[in-house]
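These are the structures in question, set out in turn.
Shared between the two complexes below is subunit A, which has subunit B as its partner in the first and subunit C in the second.
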Partner chain A sequence: MLGVMMVYVCGAIALIASVPQDNVRLLKYITYIISAFACYCIWSVVDMFEESNGYFQMLITMPWIKKLGIHLTFALDGYALWSVILTLIVTNIAAMLVCEWKSKGLKNQLLIVYILQAMLFWCFSTLDALVFFILFEAMLLPMYAYIVIWGGEERIEAGWVFLVYTLSGSIGMLVALVYMGVVHNSFAWQSWADAPLSLQVQSYYFIALSLAMATKLPIFPLHGWLPKVHTQASTSASMILAGLFLKVAAFGYIRWILPIVPDASRLYAPYMVVLAVGSMMGMMLVAWAQEDIKRVIAYASIQHMAWIVLAFFIGYLGSDNIMLYGLLDGAIMQIFAHGLVSAGLFMAFGMMYQRTYRRDRKAYGGFARIMPLLSGWFMVLALANTAIPGSLNFVAEWMMLVGIFHVEPWVGVISALSFLLSCTYTLGLYNDIFYGPVTTQHVHKDISTTEGSLLTMLVALILILGFFPRPVLESIHATSMVMGPYIYRSKLV
Partner chain B sequence: MSELLRLTVYVMLLSPLVAFLVIALMSRRVGASGAEAVSIVMGAMSLLMALLLWYQVIILATPDGYATIYRWVDYEPSRIVMGIWVDHVSACTALIVTCIAWLVQIYSIGYMHEDVGYARYCALLSLFIGSMMVLVMSSNMLEMFFAWEIMSVVSYGLIGYWYEKKSATDAAFMAIIVNRIGDCALLMGIILWRLWGGSWDIADILALPLHAPILQGLRADIVVGLMMVGVMSKSAQIPLHIWLPAAMAGPTPVSALLHAATMVAAGVFWAVRYSQIFILSPSLGGILMTIGAVGSVYAAARACVEDNLKYIMAYSTLSQLGIMTVAIGSGAYTLALFHFYTHAFTKALLFLVIGRISLKLDHQLSLSAMGGLLWRMPLMACIMLCAGCSLIGIPPFSGFWSKEGIIFTLLAHKTWLSSGCGIMLMGSGGLCALYMLRMWKHIFLGTSPGYVLHQGTYYTLLVPIILLTPVSMGIGAYISTRCYDPLYWHIAATKEMLEHSIALQYYMQMFFTSSAYVGPQIVYQGSIIEQYSAWLLHGINTLSLHDMASMLSLCSIVCGGLCAWHSQRIMPYMDYPIRIYRTFFPTPKAIYPFIASELYTFSCRLARMDHVIFYEGIVSHVTGIIASITQRLQQYTQGSIGVYITHVLAAIGISTFAVVLQYYGGSM
Partner chain C sequence: MDNLGIILTGLCTLIVLRIVQSVPSAKVCMGIVCLLLVGLIIYYPPDVMNVACFMAYIMLIISILYALSWCNDSAMLCDVCIYHVAFILGFYMLVISQDVISMYVGMELASFSAFLWIIVRAQDIFALEVGIKYLVVHVIGSMCLVLALCMLASIAHSIHIVDIIAYLSAFSAAQDVSQVWVGMILILWITGLVIKMGMAPLQDLVADTYQAVAPIMLGFLGIMPRLMGWVVLWHLRDIRLLNPVVWLVIWSFFAVLSWIMGHVAALQQERLSRLMAYAGVAQMGWVALAVALGTDKALYAALDFLLVYAAAWMMWVGCMVYLLHDDKEIQWLDQLSGLSHMKGYMYWSVIIIVSICTMSGLPPLIGFWVKFGIIRAAITPLHITLACCGMIGSVIGAVYYVRIIYYAVVRSHYHKLRWINSPGVIIPMGLGCVLACVTCVPVVLMSM
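Presenting the complex of A and B:
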C-alpha cells in the first residue's frame, strides 16, 4: 500500500504539472480527483494496516548511495500512519480551498501544495536519517516560495525569517547525523536505535537535533519566527505550516531523538519539561493579548505543541512504564488532533479574511448574524482548541494529563490550568468576532457550499474521533508498546 | 439489566441528542416550525421513556443495573467504558429532568416563537437536555464529565442567545469561564482519584465500604476539595456564584431550565452521586456547610433588595442551592437530592409564571413598574402564591418537607457548626418569606402604575404552568409519605448514606468539639427522612428537638412575612446582612474583573516582551548575522586574489594549530 501512496504523491505533482496554467476549471477537477484518490489511499492504508502490530509495516527499501549505507527506506508504524494520514487530509483540503478561491497563480500554488505533500509524506515515513534530514530541510524551500509569492504585505521579510531562522537552527543537525552515520556505518533507524552510545555522544546528538526540532516546533525561547510568518502567509500556507510543519518537528523528536539517545533525553528531560511548561503558560497569556487574529491562532499552536514536548519528556522523570505509554499515546494523538484543529482554525479564519481583508480583531463583530454557518463551525473548532470533551484534542490532552499527574502532580496542576486559560483566549476571540452588533457593511454572504463541506470534513473528523477514538488509538498504542521500551531504556556503552 | 430497560434508557438519552443533530444539520430545510416540532416530539419521547424507566425501577423495583454502550479508550490507565447506570437516583432524577424540560419546551413555543434564531434555540435546548440526561444516567466519572462540560458550553450558547446585546455575551463568557474554573478543578480531582487508588465506575464507588481505606488525610482532602470546587462552580456557591445572576441575560425559559433541572442541579447531583468520595473528607464537609449557609442567607438578603424580577429569582435560586450545599456538607445527601427535586419544580413554575407576566407587560421585569395585577391575572396570582409558599417552606407545600428535613437533620447532629448552619437556614427561610411575599405584593396588589396589557392568550404558555402547578405543590408530600415503603422511595444506598451521615457526625465532632459523643437520635434502621416523617405523622411530641426546629422556622417565616407586608419601612434595613457579608467576604464582582484585568495587563506586557525579545531580539539578530555572513562570503566570488591568499593562509594556520593541539594537547 505504501507503494501505491508513493505513486499517488508523485502522480499528484505530475498531474498538476501537466495541466496548462490558465485552465482553472481543469485544475479544479484534477484537484478533486487527486483528493478523491487521497481518500481512497487513507481508507485502504487504514484497512491494510495491522493495528496490533506496533512495529514498522509495509516496508519499501532500495539502495541509494551504497557506499555510505544510505537507503531509501520507507515504512509505517502507528505513529507514522496517523501523521501521514494527517498530511494527506490537510494538504488536500488546502488544495481544494485554493481551487475554491481561484486565487492568482492557481497552478503554481497547487504544485507547491502537492510538492509539500510528497515531501511531508516521505519525511514521516522514512527510516533513513539522511533522507529525513534532506527532506526536513528541503521542504522549507517550497514553503518559502509559498510565503514570499502569495503572502501578505510584509511577505519578503517573513519569508526570509522563516527560511534563514529555521535553516540556521538545523546546522548542527547535519553534523550530528553525519557523525552518527559514520560511526554506525549506516543511516538506518534500526541500527542507530540498537547500537549503544556513550552519554557524551548522546548529549551532543541530543543538543544538535533538539536545536533543529525546537526551532521548528517551536519551543519557548526559539518561537519568535512563527507568529510573524503566520500573519504573512496565505491561508493555505498557514494551514500546512501549523497543521504539518510543526508536526514534523514533533515527529522528529519521537523518531530521531528519544529512541536514539534515551540517556541524553533523560539527562535533559527536566530542562525540557520546564521549557515546555513555561512555553505553555506564557504562550497562552500572550495569545490572550494579541490584536491580530492570526497571531492568536499561531500562539495557540505554540501552546499546544508545548503539550507534546511536555508529554515526551516528563515520562523520563517517572517510573511504571504502562502509565508512561499513555503519555506517548497522548502526544501522538495531539499531533493528529492539533493538526486538524489548527488547520481548521486557520481555514475558518481565512474564510472571513477572504471577505474582509482584515486581520485585527477590532474589525470584526456580529459575524454570527452575517455568517451563521461559519459561526457554528468556528465554535466547534474553538472549543476543540480548548480541548472540550468530545473532541479529539480532549482524548489527547486527557491521556497526557493522566500521565503527567502520575509522574509529577504539580506539573499536572499547571498544565490543567491550560484548560481554563485556553478557554479564556479562544472564547474571548469568539466573543469578539461573532458576537456583538454588526460592524461591517461589506460582508453579506455566508460561506459557500464547498467551503462549508471542507470545514465539515475537519469538524466531523474531530468530533467523531473524539467520541470514538479507538480506531486511532489502537495502532498508536501498539506502536507505543514497541517504541516505549526503546524510549525509556538506557543504552550506554 | 433487562433488554427493555436498556432500550428505554437508550431511547430516552438519544431522543434529545437526535433532535439536536437533526435541527443543527438541517435547520435550513426544516425551518423554525420544523425545529420546534422535532424538539418537542423528541422531548415527549424522552419524557415517556423516563416515565417507563421510573415505572420499572421504582414501581417494579428492578435491581440496579449497568449496561455498556461502547468502550471509549481501551488502555490503562485511562480505560473508560461509556455505559449507563440505572438505580433509584438516576431514574427519579431523569423523570424530573425530562418532565420539567418538556414543559419548558412547550412554554418556549409561545415565548420564543417570533424570535429570529428560534431553530438555534431549539437545537441548543435539546442538546442541553440531552447532556443533562447523559449526566444523570452515566456510569462513570469521565462520561459524566463529558456531559458536564458540554452542558457548560451549551449554556454559553443559551445565555448569549441574544448575542447582539453586550450584557448577554458578557454574561455568557463569564458563565463559561467561571464554570471552567470548576471544570479544571474537577478534572484534576477525577484524575487524582483514579491515580491514588479509586475507580471511575459508579458501580465500584457505590460498592465501596464505609471508611474505605482508599484515601486518607491530605490526599482525601485534595481530591474532595478539587471536586468540591467543581460542584461549587456548577451549583453557583460563593465565591463562584457570580455567573448565575448574570446568566439572567438569557431568555426566561432558559433560566427556568438552568435554575431548576439542568445546570445548577448538575453540581448537586455530582455530589450525591459520589457521596462515597465526599464523605472521605469530613473537615471539608464542614467548610462546605459554612459556605452554603452563608451563601444562603446572603443571597436571600440580596433577593430582598433587588428590583428586577429575574434577579430576585436568581438570588432565590442561590439561596436554595446554599441549603442543598449545607445538606451535602452535613452528609445528608438524600435530603439534598430531595430538596433539589422540590426546588426544581417550584423554581421552574415560578420562572414560567414570571415569564408570562412579563410577556403580558411587554417584557417589563421591574417590580416598581408593576402593581394591581391581582384582578387582571387571578390565576397567575394564585399559582405564584402557592409556589412562593412552597419555596418558603409552608406546610403542606412541597418545599416544606425537604427544607424542614434538612434543618432538622442539622439540629440533630448536635454540633455547634451544624446547629449554627441550621439556624442560619431558618434565617434564610425567613428572608425567603420576605422576598417572595414582597414580590407578590408588588406585582399583584397596590395600584397599577399605568401599563397596557397585551391582549391574546398564549395557551402554550398557560398549559405548562397549569400542568406544573399540582406536581410542584404535591411532590414533597408525596415523596415524604411514600418513604415508608422502600419500594416507592428508596434512594439507592440509603442505608449507606445514613451510615455516612452518622460517620460524618462522628468525624465532625472529632473535628469541631473533640468529643466522641455520637448523638443517638438518628441511629435508626431506616433513613432520616423516614424517621422524620414518622415523627411528623405520629405525634409531634416524640422529639422536643423537632418542636424547637419547627417553631423556630415558623417564627422566622412569620417574621419574614410580616416584614414583607411592611416592606417599604423594612427595606432600608435590608442592607445590613449584605453589609455584614461584605465586611467578611470581599465582593467577587469587584475581585474577578480586577484579577482578569490585571492578568490581561500582564499578558499585554508579556506579549510586548515576547515580540521585543524573541522576534526583534533573537530572530532578527540571528537572521541579521547570517545575512552579514553571506555578504562576507560574497567577496570570494569577486576574484580578488589577495582575499583568497589571506584566508587560505589563515585556514592553514588554524588547522595546523588544531593538529598540534590534537597531538600534544593530552601531554600538556
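Presenting the complex of A and C:
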C-alpha cells in the first residue's frame, strides 16, 4: 500500500503539472479526483495496517548510494501512519480550498501544495537519516515560495525571517548526521538505534538536531518566526505550516533524537522540560495580548507544541514505563489532533479573511448573525483547541496530563493551569469575533457549500475520533511499546 | 604528445585566422577544434587528473560556443578563442608536466592568457586598472610558487616531480632540514596557490575582475584558475607532509577567511557580477577545507565540488551571456526582476533557479552532495568545527542566493529584458539536465 501512496503523491504532482494554467475548471476537477484518491489511500492504509504490530510495516527499500550506506527506505509504524494520514488530509483540504477560492496562480499554488505533500509524506515515512535531512531542508524552498508569492503585504520580510530562522537552526544537523553516518557506515534508523554511543557524541548529536527541531517546532526562545510568517502567509500556507510543518519537527524528536541518543536525552531532559513549560505559559500570556487573530492562533500553536515537547522529555524524569508509554501515546495523538485543529482554525479564519481582508479583532463582531454556519464550526474548532471532552485533543492532552502528573506533579499543576487558561483567550477570541454588534457592512453571506463541507470533514474527524479514539490509539500504543524501550533505555541517573 | 599536438595545431590555426579575420571560416575552424577536443575526451583513459582535463575541455567548448553567438566581429571571436585555447595549452602542460619547470611554465602560460583576456579588450580605465592589478598580484603569486618549487627542488636534489614525491613520502621532521626552511616552503606554496585560486583575502580583486570583463570571459575565468590550482595541488599533494600541522592551520585559516569575507561581502552586493564573485570566493572556502584535510579522499571531494560548481557556474554565465537588459548586459540584480513573469522567459527562470540552488548546496541537488562529500571527509574530531563553520557559511550564502531567485522569480517589475536567439541557448539547459541526472545518481562522482 505504501507503494501505491508513493505513486499517488508523485502522480498528483504530475497530473497538476500537465493541466494548462488557465483551465481553472479542469484544475478543480483534477484536485477533487486527487482528493478522492487520497481518501481511498487513507482508508486502505488504515485497513491494511496491523494495529497490534508496533514495528515498521509495509517496508519499501532500495539502495540509492550503496557506498555511503544511503538507502531509500520507507515504512510506516503507528507514529508515521497517523502523521502520513494527517499530511494527506490537510494538504488535500488546503488544495480544495485553493480551488474553491480560485486564487491567483491556481496551478502553481496547487503544484506547491502537492510538492509539499510529497515531501512531507516521504519525510514522515523514511527510515534513512540523510533522506530525512534532505526532505527536511528541501521543503523550505516551496514553503518559502508559497509565503513570498501568495502572502500578505509584508510577505518578503516574512519569507526572509522564515528562511533565516529555519536554515540557521539546521546548521549543525548535517554535520551531526554525517558524523553518525561515518561512525555507523550507514544512515539507517535501525543501525543507529541499536548502536551504543558515548555520552559526549550523544550530547553533540542531541544539541545539533535539537536546535533544528526546536527552531522548526518552535519552542521559546526560537519561536520568533512563526507569528510573523503566519500573519503574512495565505490561508492554505498557514494550514500546511501549522498543521504539518511544525509536526515534522515534533516527529523528528521522536524518530531521530530520543531513540537514537537516549542518554543525552535523559541528560538534557530537565532543561527541555523547563523550556517547554516556559514556552507553554509564556506563549499563552502572549496569545492573550494579541490583537491580530492569526497571531492568537499562531501563539496557541506554539503553546500546544510545547505540550508535545514536555511529554517527550518529562518521561525521562520518571520510572514507571507503562505511564511513560502513555505520555508518548498522548504526544503522538497531540501531533495528529493539533494538526487537524490548527489547520481547521486557520481555514475557518481564512474564510472570514477572504471576505473582510482584516486580521485585527476590532474589525470583527456579530459574525454569528452574518455567518451562523461558520460560527458553529469555529466554535467546535475553538473548543477542540482547548481540548474540550469529546474532541481528539482532549484524549491527547488528557493522556499527557495524566503522565505528567504521574512523573512530576508540580509540572502537572502548571500544565493543567495552562490547559485551563488557554480556554480563556480562545473563548475571548470567539466572543470578540462572533458576538456583540455587527461591525462590517460588506459581509452578507455565510460560507459556501464547499467551504462548509471542507470544514465539516475536519470537524467530523476531530469529533468522531474524539469519541472513538481506539483506531488511532491502538496503533500508536503498539508502536510506543516498541519505541519505548529504545527511548527510555538510558542508565543515567 | 598527440593531445598537445592537436591543441598546438588548433592554436596556430586560430592565430592564422586572427590575421585573416574571417567570421565564417573562424566558425568552421572553431567547430573543428571542438570536434578534435571531443574526440580527445572520448579516447582519454579515465584517471583523476584526466577528469580535470575533461572538465577543462568541456569548459573550453562551452565557452567557445557561447562566444560564437555573442561576439559580433571576427577579430573579437578570434581573440576570445585564442585566449581560451592558450589557457588550455598552459593547463595541459601543467597536467602532463613531469618536472617543476614545465609545471611552472604551464601555469604561467595559463595565467598570462587570463591576464590578456582582461586587458586586451579593456573598455575603460577601470578594466585597465584591474588588468594591471591582476597581473601584479598574479606575478607575486607566481613568484611565491616558483620560489617554493626551487626550495623544494633544492632539498629533494631533483626537479622531477616523481623524485620530489618520493622525497616527501620519506620525509620526517628528524631529517637534516631546517624547520624555518620547511615553514618558508609551505607558506610560499600556500600563498601562491591562494592567489592563483582567488581565495580571501583577494576577494576584492576577484570582484573587480569579474566586473571588468565581458560576460563571455566570466565562464572560463571563474573556474579555470581554480581548477589549475587544484591540479598543482594534486601534483604535489604530499607537500603537506613537510609539516602537516602548519599545512592544516594555514589552509583552515584561509577556508574560514574565505567564508567570512566572501559571504559578508556578497550579502551587500547589488551588482550581479560582484555578488557572484564574492560568492565564488566563499565557495572556495570548501576547497580550502578539503585541501586542509589533505587526504586523497578530500581532494577528490574538492574536484567533485569544482566540477559541479563549474557546471552551475556555466549555466549562470549562459544567462548573463544571452539575456540582455535594454540591449546591454545585465549588471544589476534589480534588472532580473520580473523575468519569470514575462511570456517565454520561464526557460531562463528555471536555469537561474537550478544553477543558484546547485551553487547554494540546497538538498537534494548535486550541489548538496558535493558539499556532503567534503563534510564527510572532514568528519574527524579535529576538523568537525571547520565543517560546522562551512555550514554556517552555507546558511548565510543561502540568503543572498535566494535573493537572486526572489528577484528573478517572485518580483514582478517589468524591465526591458530580451534574450539573444541563438542555438547556444540550449547549453545552459543541457548543463542543467546533466546536473539533474547526476543529482539522481550522485554516486557517479569520484569521492562518493
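Observations on the model:
To be clear about the criterion, the second predicted complex is superposed on the first by the 490 of 493 C-alpha atoms of A that agree within 3 Å, B and C clash if a C-alpha of one lies under 4 Å from a C-alpha of the other, contacts with A are read in each partner's own complex, and residues count from 1 in each chain.
In the analysis below, a residue touches a chain if its C-beta (ideal position, glycine included) is under 8 Å from a C-beta of that chain, and two chains touch if they have at least 3 such contacts.
Quantities reported herein were computed from a predicted structural model and do not represent experimental measurements.
Partners subunit B and subunit C clash in the overlay (superposition on subunit A). In the superposition on chain A, A:F133 makes contact with subunit C only, not with subunit B.
In the superposed pair of complexes, A:S168 makes contact with subunit B and with subunit C alike. Judged by the touch definition given at the top, the superposed model places A:I156 against subunit C, while subunit B stays out of reach.
Judged by the touch definition given at the top, the superposed model places A:R355 against neither subunit B nor subunit C.
Of the two partner chains, subunit C is the only one touched by A:Y144; subunit B is not.
Once the two complexes are laid over each other on the shared chain, residue contacts for A:E474 go to subunit B alone; subunit C is not touched.
Here subunit B and subunit C are compared by how many residues of subunit A each touches, and B touches more. Of the two partner chains, neither subunit B nor subunit C is touched by A:H304. Within the superposed three-chain model, A:K67 lies in touch with subunit C and out of touch with subunit B [touch as defined at top]. Once the two complexes are overlaid on the shared chain, A:L427 sits against subunit B while remaining clear of subunit C.
On subunit A, the surface patch touched by subunit B in one complex and by subunit C in the other comprises residues 160, 164, 168. Taken together, the subunit B residues at the contact with subunit A in this complex read 24, 70-78, 120, 142, 145-146, 149-150, 153, 156-157, 160, 163-164, 166, 169, 172-173, 176-177, 180-181, 183-184, 187-188, 191-192, 194-195, 599-600, 602-604, 606-607, 610, 614-615, 617-620, 622-623, 626-627. Here subunit A touches subunit C in the complex through residues 65-68, 133-135, 137-138, 141, 144-145, 148-149, 156, 159-160, 163-164, 167-168, 170-172, 174-175, 178-179, 181-182, going by the rule given at the top.
Across the complex, subunit C meets subunit A through its residues 357, 362-364, 368, 372, 375-376, 379, 384, 387-388, 391-392, 395, 398-399, 402, 406, 409-410, 442-443, 448. Interface residues of subunit A facing subunit B in the complex, by the touch rule stated above, are 160-161, 164-165, 168, 221-225, 227-228, 282, 285-286, 288-290, 322-323, 325-326, 329, 366, 368-369, 372, 376, 379, 383, 388-390, 395, 398-399, 401-403, 405-406, 409, 412-413, 416-417, 419-420, 423-424, 427-428, 431, 434-438, 467-470, 473-474, 477.
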